[in-house]
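Got a structure for you, written out below as structure tokens; questions coming shortly.
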Amino acid sequence: MSITRFEENRLHQVESKWKIIGNRGLFAGIMAFIVVWSLFPVYWMANNSLKGRLEQFSSIPTFYPHAPTLENYHRLFQEMGFLGTIGNSAMVAFVSSVLAVAFGSLAAYALSRYQFKGKQVLLAWILLTRIFPPVAFVIPLYSIMGNVGLLNTRIALILAYIVFNLPFAIWMLIGFFSEIPIEIEHSAQVDGASPFQVFRQIVLPLVAPGLAATAIFSFVMSWNEFMYAMIFIQSPDLVTVPVALSGLVTEYLVLWGPMSAGGILSTIPILVFVIFLQDYLIKGLTLGAVKG
Amino acid sequence: MTWIFLTPTVVLFLLLTVYPLFYAAYTSFFRVDYILDQSTFVGIQNYQRIIRDMNFWNAVKNTLIFVVSAVLFELVLGTAFAIFFNKEMKYRKLFRTIVLIPMLLPPITVALTWKMMYAYDQGVLNYLLEVIGLGRIEWLSSTTWALTAIIITDIWQWTPFVFLMVLASLQAIPESLYQSARVSGATSWQCFRYITLPLLKPTLTLALLLRTIDTFRVFDKMYVLTGGGPGNATETITFYIYRYGFRYFHTGYAAAGSIIMVIMVCGVSFLYIRRAFRTANAK
Amino acid sequence: GQPAAPAPAPAPASPPAQESENNDADQPGVASIAIAARAGAMADALKAVAAQYTQETGIDVQVNDMPYDNLKETIVLDVRNNSGAYDLVMMDDPWMPEFGQANLLANLDDYFTEGVDPDFVPTTINLSREPYGTGSLYALPLIGNVQMFFYREDLIEKYDLTPPENWDDVLAIAEVITREEPDTFGYALRGQRGNPIVSNYMPLFWAYGGRVLDENGVPQVNSEAGVKAMETYMKLKDLGPVGVEAFDSDQIATALTQGQAAMLVAWPSWVAMVDNEEDSLVAGKVAFAAVPGQVNESAAMIGNWLLGVPRTSSKIEAAVDFMKWVTSAEVQKEMAMIGGGVPTRRSVYQDPELIEKYRHYPAQLEALERSVARPRTPYWSQIEDVWGMYLSQILAGQVEIQEGLDRANEEIKNMLP
Amino acid sequence: MKITMKEVTMKFNDVTALDQLSVDFEPGNLISLLGPSGCGKSTTLFLLAGLHQPTAGEIYFGSQLMNQVRPENRGIGMVFQNYALYPHMTVQENIEFPLKIKKAPEKERARRAMDMAELVKIGELLKRKPRQLSGGQQQRVAIARALAGSPKLLLLDEPLSNLDARLRLETREEIRRIQRETGVTTIFVTHDQEEAMSISDKILIMNAGHQQQFCPPQEMYEKPANAFVAAFLGNPPINLMEAVCTDAGMPGIRLHTMEHAVPLTDVFREALPTGQRCQAGIRPEDWFVTNDTAHTAFTGKVIHKETIGRDTLIRIERDGVFVRALVQPQANILLGDSISLGVQSGKMKLFHIDTGKAYA
Amino acid sequence: MKITMKEVTMKFNDVTALDQLSVDFEPGNLISLLGPSGCGKSTTLFLLAGLHQPTAGEIYFGSQLMNQVRPENRGIGMVFQNYALYPHMTVQENIEFPLKIKKAPEKERARRAMDMAELVKIGELLKRKPRQLSGGQQQRVAIARALAGSPKLLLLDEPLSNLDARLRLETREEIRRIQRETGVTTIFVTHDQEEAMSISDKILIMNAGHQQQFCPPQEMYEKPANAFVAAFLGNPPINLMEAVCTDAGMPGIRLHTMEHAVPLTDVFREALPTGQRCQAGIRPEDWFVTNDTAHTAFTGKVIHKETIGRDTLIRIERDGVFVRALVQPQANILLGDSISLGVQSGKMKLFHIDTGKAYA
């Protein structure tokens, strides 16, 4: 846990009581800053989601809803079937990020451990696809999907997101894989593990923090992706959250209330996903396994 | 063996990226009106036109300002947060989740919420500024502040990205190295400077690369917050490409823009792309 | 050679007869039709009445609503790739020339052999034809929007002023109100680049006698009228809330409903909101009039939403049926009652029940009858975008008026073939 | 600097790694920590370094209580059992690190790094990264690094375990020399008793977190405080067998399974009444082959014989009791021979049968 | 299984870690690899394991060429110098891993893990994670893991370096026993020559990537192939000094700085004409204290004296030439005394003055 323990110790080790108090104060101060910085806009969103339009724009902003209303949430569910939308998003994001991480980790492992012909080309290609602005891909991808009859299906989105997330996942994971001490892999090889077993049983558990981080990123990106979701899906019952929310930017008005409510609600599933994966983020595993 | 690992990726890429990339490269040599379904081969004319277009260079300038400042702050803040939270503390999980939240919100809601907060009259930021005795700021409507406002929003949303990456790789640093350094007399700062930072370097490089690539493509924030304005104060390259591609449906011209942008990204990130390649080849 | 078209080259415009043949074959089996709609109250209203249609006919109507820019992308991609995902699409009227020339839409003449119901306001039907006014019918007007002038009647009275006749009056009134009335500004404009600023500036441009393109199709945005209009526009900016450079509809709506702005140009669909006490501090205090003139008569900009059928739809017949149904007087009234519709039929505007509910209907009908359409050119989207960018630059003080308009004109010129 | 540990206890959750250790390390001494694997040696060093916080007890450097002092302020040089080299630094940078921290001028750093590297014979490896080194080379880098910072207290956790005999000897002599010259108090963990015996001023033997004995090496070898220490020191190990006090005419002691006794020195007489059972400890080298039954303490059959360098080690068995003895290679002993062994006078050690505490 | 290495060379970029090593390991043998730190021992094991690909040369298991065979198909058990435990697995899972890979039934796995753990005395640590173990405990886990898979070839890279003497002895005897029972060919890297001497069938001594000698231990001790081997084996190390052949009446050899010679055995006579300079090697234990000038090979002043357990080591100096000798503790030698030493007959070794190759 790298500096973890020291930092914790520091609280015990400082020379005087005042310094302890000072440190605690500093600590609390930084913490407060981070929390406020991260949460204020979210709080503001939540705050707005409980206000009527009039209050949202009162010239002296109200820091809590003076006339709280659940109307915005009600509208979202009642009129927009937001639950189904969240389900769509969750399904598309989950499947695509799991597959992206699965494929990505396989490829990243091969790329970080083996030398083979065409490796540079592959690496460059992967990066290139990430650099290209998605707008440049929309037209050709749309026509591919149309030709294979995948338009207006979740599969189209899942495929697009895998492609969209793979370069990223691969590059991330290459970094994590190269941090594993090669000795541990050697050891497993000698113990009779095939490359795939080494990968499955040794390497993957060791990069759990990296996998978790990558999965979170992929999930988030898929969850929030707008352009492909907009273009590939036509049935209202298949749309994803960002598309549904974009429907709240109407010609004359932005429906701030439902929009804020939707923002708040749409984070809940993703938050669950993140919290679930956080456990994998915590453990530093390479400690004490290898000397030097 | 290698190929078993690579097959899924290669197959998907062959199916879904080869055609689009070549399509883009190919159309960039045509004058295309997609709506009218007309296209004529024009050689490098699209490129020439783009390079002569002042608006394009303005977009390049905005993009570069945006990329440099956003990425810089995201890296610094993200790393700082990661280090701060990489320790035992009460409710660590809770706090870490809190830090991640901005990244989890749909960009469109994020942008709109900030838009509300930036509002000159009813916005909470100006209200707070006034309360603490500072003047109001024309966040989105002044050419000087608009880009800054967008940068702040991007920093807010994507700092967690760096945070998460750094956090994950902090886990891989053996504690014994810190113990050794501490015993050698290194203070916390020196531990950070000489142990943490160098060991994080590959990760930071990668974060830098990925964030640069992604901020280069930024579009949604401008689109929602300012629509590229006021004037062209917040028009970025992708926005420019988007206009040609999807407002005018001049897909050839837009494709040429994309290619120029790719070349620029490669140029700007040449050094760290090379370093990243080296990491990939390390073992 | 030709660039690799993303899909097998689309077949050249097939004669409508042929299509209807196909469709006849399909007809009995039609279970659902899909509509691409502009998100907002009108899409909501459309959804509401669609349910009724389903009840009546058993045909499921799927309304997919989306933001302005995406709607156009979606339609173009759908047709260009022959995917046939949509059977009906909502279109902003300036797209009409472009879509018509590009042969994206099914020609509807065959389905209206007796002509179009004369109850439709002519200006709206003109928009639905390509070429404008005279050509074949490609759409029916669904939403009869036209710009109107909103002003705070109570303040005009309070300061003993008269409602403005022309833009000079507007300036004068705005000055008084800005000076006298605490927390209220005289005029709120839409300054965001692109479509918002152009839509908002065009009434002035026309009022000062400007023309976007002359008879020969040469752009004229830097004409003297253009400059004068812009000068007034800049003055109006100074009489408005801070930050209008970034304002779009939503912000001026907020300014009006929060009592911060006394006058503005807006779309009639706002009236419901302005008069709703829950959303508005100024309910009942706002009057609606035709947009002021200046050199020219009042020239309200028409901004209809049309409903057309993509050429690639396999259910054209069913689509047309729905189209006819949804633009019928009864359904228009119903949509108007729900609050999402802006009628395109005279009879609906004159419906007493509706006038009871919407006090501005007479004024609106008048505005609609006298409305002016934006230039009928397939390049309108680009013109608007470029023009809007320079207008925004001028507004933000990045360039001088003349220089900015000159550049805009130059660029528009280069853009046209 | 004198180091004092006062009733220091260290627990990892439910594992007690160190139990009320109280010990004074004299200034300028080189002290070896000896003990079986897992007895708490590394833990002791970690506590002294300040890397662990004791669960209970106090640690003083001189008269200053150190419990609250952070590791970086303790002025320590340390070799970690797992080296803990910085993987991103070259050998030279690793060695220079403590000096860099102290902001020593670059030239001086480089010079000192070179000196230290030469000392441990890795002068030509300065530009390599740790992973390009062999195990022993890595260990030497760690030693050089610990010495480079001119620490006030040197903590060495098995610093020589991966070195070959010669290098080991040389390096430990160098460490000893430097230690003498600079007078730095040094604590040296080793599993090699010979090493501990040859270089330490004092040895601390521990077992399962408990201190066993703390005294100069020769004393420890000769007068082990208890059976554990006796058994731990010496290679081949001491023979520990049950014995009983007899008094057939004169005070004597009879080894288990044997018929007659050997005379017992007076020192033990008091503590050991006749008939008292105890543990007798006789080092393999303290036997002599004899034919004189009066001297014979043990008789048995040779079941094993091996030659280790210059000695011959035999194992003798009788009725399930085994005895190791080192004999002259010249003595022509064959497997299966029955031989008798006597104990050199004064060399027999006696311990309490239950507690293992030494008598006298 | 017989292992053959044929002119195997291993280069890391510009570092030659192994240079044309050719050697046959007989089936069922336990072979020790000895050599100074960095001489290529670990590299040899890595090559045998298939973890490195030789730059040149061939490796056979039995008659099968192994160069292209992947590590996992070689049937190897290995203890790595740095343990390389799986940090995410408990001790038990670590030990079970090779069996798990072979899909052994779970019960059997658990039983075998327990057996192996008991063998190395970590039975009670099975549930811990590696980082909760002391260095020695980790090493023992690594040993248990290597044994668990019942390998056909066992490669042990300093498996005992972090264990205390007793445990070390016990563990190596266990390893030896298992090795004998199963007949598994075992290659054992150690820096502890005594260990190598006591358990190996043969020892391979290497230096700087070159093979020096490969033969049974006692033979190596007694007949070192060259000065390097002679110097490497033996603790305290052999005395190597310049000498010259004389023929004052009878063939003799005179040590550097000494006036007169000691008789030279016939075996050397042929290779060493009178006047030929060479290196003489005399082990410390092969000296004897004498007053007889006829036997005196070296005379000098005692400058150092230390007692290591049961022996006394003295160092004697004359004109810058130093000699180590082991003497009986009884011999009452004091620092500063001048004494004369003779060489036990037939114990003097002679080497070529330049190449170091042994004569005879």
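A, B, C, D and E are the chain letters, set down in written order, and residue numbers restart from 1 in every chain.
Note that a contact is a pair of C-beta atoms (placed from the backbone, for glycine too) under 8 Å apart; a residue touches a chain by one contact, two chains touch by 3 or more.
What you are looking at is a predicted structure, and each value in this text was computed from that prediction instead of being measured.
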item: Chain closest to the assembly centre - both centres taken as Cα means; value: A
item: B-D or A-C, whichever has more C-beta pairs in contact; value: A-C
item: Distance from the mean Cα position of chain C to that of chain A, given in whole angstrom; value: 39
item: Interchain centroid distance [CA atoms averaged], chain A/chain B, Å; value: 15
item: Rounded Å distance, chain B centre to chain C centre (Cα mean); value: 35
item: Centre-to-centre distance between chain D and chain A (centres being mean Cα positions), rounded to whole Å; value: 55
item: Residues of chain D touching at least two other chains; value: 50, 70, 81-82, 84-85, 87, 135
item: In chain B, residues with contacts to at least two other chains; value: 23, 34, 119, 121-122, 174, 176, 182, 246
item: Contacts with two or more other chains, residues of chain A listed in rising order; value: 10, 57-59, 138-140, 195, 246, 249, 254, 283, 285-288, 290-292
item: In the complex, chain D residues that touch chain B; value: 46, 49-51, 70-78, 80, 82, 84-89, 97-98, 100-102, 145, 149, 155
item: Touching residues on chain B, where the partner in the complex is chain D; value: 174, 176-177, 179-187, 190, 194-195, 198-199, 201
item: Interfacial residue positions of chain C with respect to chain B in the complex; value: 1-6, 10, 69, 72-73, 76, 80, 98-99, 101-104, 191-194, 196, 241-248, 251, 254, 258, 260, 378, 381-382, 385, 389-390, 392-399
item: Residues of chain A defined as touching chain E within the complex; value: 181, 183-184, 186-195, 197, 201-202, 205-206, 208, 283, 285-292
item: Chain C partner contacts - residues on chain A that touch it in the complex; value: 52-54, 57-59, 79, 138-140, 142-143, 146-147, 151-152, 230-231, 233-237, 239, 243, 246-254
